[in-house]
Amino acid sequence: MSQLVSVFREEHFNAAHRLHNPSWSDAENQRIFGKCNLPHFHGHNYELIVKVTGEIDPETGYVIDMKVLSDIINEKVLNRFDHRNLNEDVAEFKDLNPTAENIVVVIYNLLRPSISEHLSLQIRLYETPRNFVEFPVS
Amino acid sequence: MSQLVSVFREEHFNAAHRLHNPSWSDAENQRIFGKCNLPHFHGHNYELIVKVTGEIDPETGYVIDMKVLSDIINEKVLNRFDHRNLNEDVAEFKDLNPTAENIVVVIYNLLRPSISEHLSLQIRLYETPRNFVEFPVS
Amino acid sequence: MSQLVSVFREEHFNAAHRLHNPSWSDAENQRIFGKCNLPHFHGHNYELIVKVTGEIDPETGYVIDMKVLSDIINEKVLNRFDHRNLNEDVAEFKDLNPTAENIVVVIYNLLRPSISEHLSLQIRLYETPRNFVEFPVS
Amino acid sequence: MSQLVSVFREEHFNAAHRLHNPSWSDAENQRIFGKCNLPHFHGHNYELIVKVTGEIDPETGYVIDMKVLSDIINEKVLNRFDHRNLNEDVAEFKDLNPTAENIVVVIYNLLRPSISEHLSLQIRLYETPRNFVEFPVS
Amino acid sequence: MSQLVSVFREEHFNAAHRLHNPSWSDAENQRIFGKCNLPHFHGHNYELIVKVTGEIDPETGYVIDMKVLSDIINEKVLNRFDHRNLNEDVAEFKDLNPTAENIVVVIYNLLRPSISEHLSLQIRLYETPRNFVEFPVS
Amino acid sequence: MSQLVSVFREEHFNAAHRLHNPSWSDAENQRIFGKCNLPHFHGHNYELIVKVTGEIDPETGYVIDMKVLSDIINEKVLNRFDHRNLNEDVAEFKDLNPTAENIVVVIYNLLRPSISEHLSLQIRLYETPRNFVEFPVS
């Protein structure tokens, strides 16, 4: 009888960003986003936890090989986000405000095609140790 | 198309408490609660994680502004619990044993009216790094 | 009216293990398991989080007494796993590869009979701070 | 040739306390100690790191057996401080304000006689994850 | 008899930066600084631990009031560094590469005049959980 | 004027070991080392913090390039210790009990020749989050 288990892999990246809505006035941006709207960017050590749920393979004892999962995260996310400016360097945020909420959905969409459709996927993203987000919701 | 995301904010407070059931004998209190029943109180650095789930606002990219959420937690919980004696100073525990289980339900009830009804709410409370509780259950 | 709350207790154990499928060639074991297949074992500080969900007892304010829960975990799991070689010393892994996925299912099955059937149970197991698993899935 | 090594053992205790100088007015106590002066006490999860420095014993490979060190800390400190009210229950603080600075010196003095005079001793005490103290200074 | 104790206060700030030596070619900057030289900046959650060593004041039981120390760190460092771009927004890094080593010396020099000369000062700065620096050396 | 700064790099490895003195009887080994003497080995997630102290290079702003330091640690220590059995696979422990104290001295001796003699070196090794050692002493 097969057993469903969730496995989690944590990775991290360092990036700069700035919160800004170009359709608002500077005053409105400042009022809503405060210091996060400062023009020259700030940054974070983002911690990313990728959760994959599926059946244990009886041959390997794995749901997914953690080294394979780590390689996928590195190729699809870290290679494009790490040591970058999310607003300036990452195409997905050209017209999308890089809040933690929007980043976590973008990361899910980047990883989903590389994970077997028999496996479900959930992403948790720490912007700071005290502020974090999760998608999809459970 | 709207996206549901969970956001989490961690806050902390330091408080004294004592576990005691006034309808029991001293011996019964001692037998059940052990050192937690000692008469002069002990205390904890409580860590509180507040999870709010809802749709991303397309204007801000936020589910809820973390500064607003932090202000609500400070006003409704920390102002009343931090550096206090839960048994002596907090009305909700006048007739309710301040176990972690009861504290987390009280905190949920204090925060729920201040969070929009379109958003769902869950609380995790760490009494120590190795003992923690969550309400409502998921 | 009764309230359902989840309580969590964290314990830890140190163990050696090795990943190996005896029906494969050495080359195949090496290709799939890499360094985890090295013949003389390696080891981990496993962190174990046991989650128990149920109603708050109105007499105690507890879902389950954390000292009782800790004693059960010590008797059923730590006494048999701590400072042991999972492959050599723990009968459940005689014919089962001690991956984190298989270990977490074994731990669940060891604890389930000792937890009241009115309470639900979930186990999270950290093999390293960056690799962890959960069973059953939520 | 002998080698000097430092070994560290971490233990923890939960206690209540209140900062108060009985020779001052209530207003002065409130002005200096703020919320830490509230009359009904608050509390902390204190983390204690005991550092012992000495030569490696060539027979055991130990500077000091960590189990022995842990037993000493439990007997001399935790048995008297854990789940207690430092102001009310611990004789050393009858006339001494239980600030982290004073607590760490008291703990040093409690442990020093039980550690061989060939070994040097230093104590670090975390009152919260963000506030901690060390004695003697290095 | 007076007692010397060290007290530590941890604070944090989020900032963007980029490593670059303007007297080198782009190729040389890229060769030495790698991803840290990418032109649009990246960022970190910097954790700052300020250590102050001095005698315990017998009136207060404090070496220095932690609230006062926290206020000094906020006024002198966080107000100028938090949510900023160190290269663009902080005058001290106009002609100084904002490596962790240079940042920790700058922070020491910003704080030193505000700490009583009877107290000694040491700064530890975490750029990531795995990379950190300390000044002056001990 | 040159500035002395300490830089720290954290790395980790997973290994199996067993504490045993071959010149003692089995009973004596069991009495002194307890569960750490069990014959089939146990293991740990060792965390290693390497501290290097020296002058800031005015050209780079570095004491030592953290990538270079990480590469040295990987080549000299992790390649030989990670996922190994210290007693069986690492020559230095053929006749030396792999206590944390002895391991930290061995690691220092492996790294010292690869670090410039103008730089001083200190190693901290966590065997568990609650048991750790440091060499040379400070």
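Here the chain labels run A, B, C, D, E and F in written order, and each chain numbers its own residues starting at 1.
As a convention for this text, contacts are C-beta pairs under 8 Å (C-beta built on N, C-alpha and C of every residue); 3 or more make two chains touch, one makes a residue touch a chain.
From a predicted model like this one, the values you see are computed outputs, not experimental measurements.
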Chains adjacent to chain D and to chain E under the stated definition are F
By Cα centroid distance, the chain farthest from chain F is B
Between chain B and chain D, the Cα-mean centres are separated in Å by 28
Here the gap between chain A and chain D, centre to centre from mean Cα coordinates and rounded to Å, is 41
Touching at least 2 other chains, the residues of chain A are 129, 138
Inter-chain touches occur between A-B, A-C, A-E, B-C, B-D, C-F, D-E, D-F, E-F
In their shared complex, chain F is touched by residues of chain E numbered 19, 21, 32-34, 96-102, 104-105, 129-138
So, in the complex, the side of chain A touching chain C is made of residues 3-11, 53, 56, 59-63, 65-67, 138
Given the complex, residues on chain B that touch chain D span 12, 14-17, 35-36, 38, 40-45, 82-85, 88-89, 128-129
